[in-house]
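In what comes next, subunit A is part of two complexes: it sits with subunit B in the first one and with subunit C in the second one.
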Partner chain A sequence: MANSASAPLRRTRATGRRSPLASVALLVIGLVATGGAYAAFTSSATAQSTASVEALVNEGEKLFIANCASCHGLSAEGTDNAPTLIGVGAASVDFQVGTGRMPMAASGPQAEVKPTQFTDEQTAAMAAYVASLAPGPAIPAAEYLTGEGDVANGAELFRINCAMCHNVAGAGGALTEGKYAPALQDIDPVHVYEAMVTGPQNMPVFSDLNITPEDKADIIAYLAYLDDNPSAGGLNLGSLGPVSEGLFVWIFVLGSIVAITVWLTARSN
Partner chain B sequence: MTVQTESPATTSEAQAPGTGMRFTNWAANYIDERTSISGAVKEFGRKVFPDHWSFELGQVALYSFVTILISGTFLTFFFQASMAEVHYDGSYVPLKGLEMSAAMASTLDISFDIRGGLLMRQIHHWAALLFVAAIGLHMLRVFFTGAFRKPREINWVIGFVLFILAMGEGFTGYSLPDDLLSGNGLRIIDGLLKGIPIVGTWISYLLFGGEFPGFDIVGRLYVLHILILPAILVAALGVHLILVVVNKHTQFARPGSTNENVVGEPIMPVYAAKGAGFFFIIFGVIALTASLVTINPIWNYGPYDPSPVSAGTQPDWYIGFADGALRLVPPGWEFVIFGFTLSLNILAPVLVLGLFIVVVMLYPFFEAWVTGDKREHHITQRPRNAPTRTAIGAAGVTFYAVMWAAASSDLIATHFKLSIESVTYALQALLFVGPIVAYIVTKRICLGLQKKDREIALHGYESGRIVRLPGGEYVEVHEQLSDYERWKLVSYDDYQPLMLRPNKRGKITVSERARAAVSRWFFEDRIAPVSKSEIEASKHH
Partner chain C sequence: MAEQDSADTGTAVEKHEVPTAAPGTAVVSSDRVENPGFEPHRPRVSDLSPEKEKQNERRVAGLFFASMIGAVGSIVAYIALPFEPGDPASVQLSNMLIGLGIALSMLGIGFGAIHWAKSLMANEHAVEYRHPVRGTEETRARAVEIFQLGNKESGFTRRKLIRNSLIGALAIFPLPAVVLFRGLAPDEDPVELFKHTMWDTGVRLTRDPDGTPIKASDVTIGSAFHVIPEGLGESEHKLEEKAKAAVLLMRLKPEDLTVSAGREDWNYQGIVAYSKICTHVGCPVALYEQQTHHLLCPCHQSQFDIKREAEVIFGPAKRPLPQLPITIDSEGYLVARSDFEEPVGPSFWERSL
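So, the complex of A and B:
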């Protein structure tokens, strides 16, 4: 009924605001505005003085005060419950908010990954605000996030620097007091990079002097290789190593063999 | 005995055996005249095997060992047991150009560049895991059914040696690829050796040919893995099997099966055919697993480098109990005395494990001493009918299982969202409390089951059929057992606590006192088997 009422209406007002071209024009304006703001924000540090960045920072501040300040303090100075965010940089905000770790659902050993609470624009605004407080690691340039690079170098660096906590195949591992290093399958490259430069939760910081941006790109390439290439040997049993293999042999292999022995020696009734 | 060897044209087909049969006869005679083997064939071919699923577990171990030998031989054709440095140039991209030992590079070649190599590697490794698991289950069967009693104590010890050798084979094999995982495992062995006071460092340098990891260890382990250990293993396995034939197989009590006979199928021909078929089933299960499921992806671990350790670094399951024992030691068990470091954090678990192993190995002699039973036993017991032994076994299994679980404490923590410290504390407590609880619970369950058996033997099953008597009374009809069924429930060895008596010289020795005390612990709580008179009496009401 609503449809039959609106259909003639649309037909009568096919010009002006309701012109088919109007929505296209609106879309173009919107895209140019957001794309331009994003480009202005990410392009260089000198662009931060432009008005659009200032608007983004202001919007970020509002979002920060509404959603983060209760723990991190009204001017991000930190409280007893949460650390200061002055100097953590845009990368840190993009990682914590972009993976859904922040805002935390509840205090616990560490912040858990969950569905993100903010849109990309809102996250970018908060990142801009936090970055405006003090210099810190910026969101990495796209050239390091392609997943293309020297996989062998990345694998070696991964084994030396990351595997202690994250396991050689990125399957994750335990830390102290209920904390853990998460599994690294299918993680957005930008978050991998940001984690390395900001050292979230219990992770150490791997600065550019420690691992160069190119090396970081290689590590990302190795993780992409693991995601794209399933184990050559078949099911990987979670890539957890001998424990899952041992459980498999006892439960499934020996289990099925015992079932077979029972069947073979069964007497007909 | 003479065999007709003339041309078949002169004899009619109805009278003479066919060509094939005559050839078999001729060949058998040819061999027998030169080796006198017929005696052995007669003895061995007529060996009788009773049928019960749990009696097949030893065969599972045997057949997985055969699988290991076959697949291992294939691997030796391509594996290079050398720690010479090479640059990997095979097809696995994430390791291309990396420096590694020839051992690691050749293992990668087996996995990626040799046709069927990865399948063979996975068959070899899965079969190895199954081999030790089947031995473990086989040992549990022998233990819980009392099949280690006279005359089989020696064979228990030999079987136990086989178990240790299998673990040795497994560990040396695990260390051969020289990947990160195997190198970490060897580092722990190095640490264990260095923890031994005074001689430890010397032994470590001797084994590794200098400071760990050196350039010798892979070659040395290879000789152990493919020559010395298999040679000893095969020899011990031969003795084990011969003793199985000499001692005859045990059997469960059932009508016709007595302590003086063995009821079952003779090896020739049916059982041998079944056994051969069973081998192919085992081989098939292993091959299926190996073709579907990855094991030890050394390409993830990369070449050994003493600096990295991966999260979730564990030994193969059968060494897990030792790794777990190390993990359960509380912090700070290391003391410096007169400038010497005493590493109790290593010595304590090593001593405990050593003691545990010796106790398991010598248990048959201990039980023989307690019971003072010098008779031969060919009828296996149901676990419930030896409550104290079964409870001791359950305690031992729990002790082992806690250490085993401790080896995966980190994975328990991540997968069940626990803190690794709490997991460790819980397992530390369980290591002591668990076996005691398991002992008490198992013993009570055994006694309860014995009571139930006794009840059923005397009064039959509750049939669920309610009958109204002419007087109006309702009774449930009990279904009586047949004599055959009852026999299974009432025929078991009954031991009573040792009565302390002076010996010939009128003295009560200390060892006799100890024996009486242990005997009381073993047999104080007991359910006597139903006697003949009790059965007779029960039939009259």
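So, the complex of A and C:
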């Protein structure tokens, strides 16, 4: 059996029209062709993108001077009213402008979320301008923003690093003197990531050296899980824990006990 | 029905003497509440109209039927809405319907019974007086007699040896419990346990929860790290040690820090480490505001100013958070210079400070 199977194989090789070197040659030609094409394409693409980045930065600078410079200074050096933006990075601009926090409507304990004032392109232009001033955190890669990840690990990291301010269910919480940690329900993952790397307002910075990008992706996965899975325990009363639950018990449960007691002892009419 | 006047005979209520007015005062005060007597008897609608009586009868029966519906409904909900494994939210509707059904079944019986009693059962006033507490002379004499007979038959006062040895046995029998429960206390002096944590000279600061060491260069300005001592994962009483040794690490601009004499080398280029255990009642203090540099305790709103060595600026805490002296080792990792110089956490009886 073995002989009869190997014999035709050998014959095919011997009488094959292709030279033994043909496949090697083909491989070399293929590699050279794709490599050359890639090199040609990327060099032109780089040239192109350099030009477009410059245009973007110029556009961003114009927008910055028109809309931001009155508080942040003409060259983003900061004034008495607002901090410097040198070195805050593109991620900071994308977070603050992309969530509508900047430009601020009025000075207050902290910038409020409101409808965004700029289009995505304008935001990207300003981000590119601020990023061109000094190196800073960049807008995160899409691979960390999918909401896929180790939810259990994300939950543990969230409880250790985030839950004391943002509440274990991401419902937010009060800080001092009118400041507060906002609720994290249905937040765009890119803004969650940017908030961690830039530390907007009074939030501390959780840089990639503290919490790795993979761990940040797990935290985002945990928040996505919270969004997709409502509380199993029925009414969560805002997930605020003993505050809202205690208020409910004192007002409604004690109230109905008093009402039933009154009814029990009242005479029938 | 008893007569009003006989009400005083059996009551345990002491009569209150009406204070006599001093000569010269015009107003005689009395704090005795007037006995209002009974309200006039008022017939109910069910007593007057047979229609209303029928209606109330239907209501009571309706409540009992509602109870039946609730009980059966909760069984139906349990069978019709099984829990999906791996989907905690599927429990929600099922639990709510089961709970509502059971509540309806119990409240239906309760409300029905009360409504029945109030609207349909006999409607008349009745007075029941308390019995006098004191027994009759005859009963009292008989009780004394029984005690004396018991004493005579058992010889409790006559056989002094038996009586005294019984008293001795009763006094000693709880002692094993005292000795055994005392053995549950920790071997070490608890005061010493309070005074020391896992931190020691050269112990690296590591990230909570994975225990990786932290380089000074990792801690950028405005960062906050939640820190546990190196080797916590291997320690015997992990949670107890963590409860004492948990630390919050922050980096401020060095010029923002006010450093008191003797603490000059406790921070490393503006990186400071403070105990996370509140000095009020021991909640973890970790709500760090990176612009104001205030730390807020979520339990009772104590605030600590990190710029001024965690001084208390608001709230019930009385002492600043203890600072962990830190430096770096030869590889650039942050390490503790020593343990905390004072006990962490809330005050305790033997705390000398």
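Observations on the structure shown:
Keep this in mind: the second predicted complex is superposed on the first by the 206 of 269 C-alpha atoms of A that agree within 3 Å, B and C clash if a C-alpha of one lies under 4 Å from a C-alpha of the other, contacts with A are read in each partner's own complex, and residues count from 1 in each chain.
Everything below uses one rule, namely that a contact is a pair of C-beta atoms (placed from the backbone, for glycine too) under 8 Å apart; a residue touches a chain by one contact, two chains touch by 3 or more.
Computed from a prediction, not measured in an experiment: that's the story for all the values here.
Taken together in the superposed arrangement on subunit A, subunit B and subunit C clash. In the superposition on chain A, contact of A:Val249 is made with subunit B only, not with subunit C. When both complexes are overlaid on chain A, the residue A:Ile86 reaches neither subunit B nor subunit C.
Of the two partner chains placed around the shared chain by superposition, subunit B and subunit C are both touched by A:Cys165. Looking at the shared chain after the overlay, A:Tyr180 reaches subunit B, while subunit C stays out of its contact range.
When the two structures are aligned on the shared chain, A:Tyr225 is found in touch with subunit B, with no touch to subunit C.
Put simply, more of the residues of subunit A are touched by B, taking subunit B and subunit C as the two choices. Judged by the touch definition given at the top, the superposed model places A:Met203 against subunit C, while subunit B stays out of reach.
Contacts of A:Cys71 after superposition: neither subunit B nor subunit C is touched. In the overlay built on the shared chain, the residue A:Asn236 is in contact with subunit B alone; subunit C does not reach it. After the shared chain A is superposed, the part of subunit B among 278-286, 440-448 or 530-538 that runs into subunit C is 278-286, by C-alpha clashes.
According to the touch criterion, the shared surface of subunit A, contacted by subunit B in one complex and subunit C in the other, consists of residues 156, 160, 164-165, 173, 175-176, 179, 181, 231-234, 264, 267. For subunit B in complex with subunit A, the residues that touch the partner chain are 51-57, 60, 92-98, 111-112, 118, 122, 126, 129-130, 133-134, 137, 180-181, 274, 278, 281-282, 285-286, 289, 291-297, 299-302, 305, 307-317, 320, 407-411, 413-414, 417-422.
Put simply, subunit C touches subunit A in their complex at residues 42, 44-46, 88-89, 91-92, 95-96, 114, 118-119, 207-209, 215, 217-226, 250, 284, 286-292, 294, 296, 298, 301, 303, 314. In the complex of the two chains, the subunit A residues touching subunit B come out as 109, 151-152, 154-156, 159-160, 163-169, 171-181, 222, 225, 231-237, 239-243, 245-250, 252-254, 256-258, 260-262, 264-265, 267. Per the touch definition, subunit A reaches subunit C in the complex via residues 156-157, 160-161, 164-165, 173, 175-176, 179, 181, 199, 201-207, 209-210, 229-234, 263-264, 267-269.
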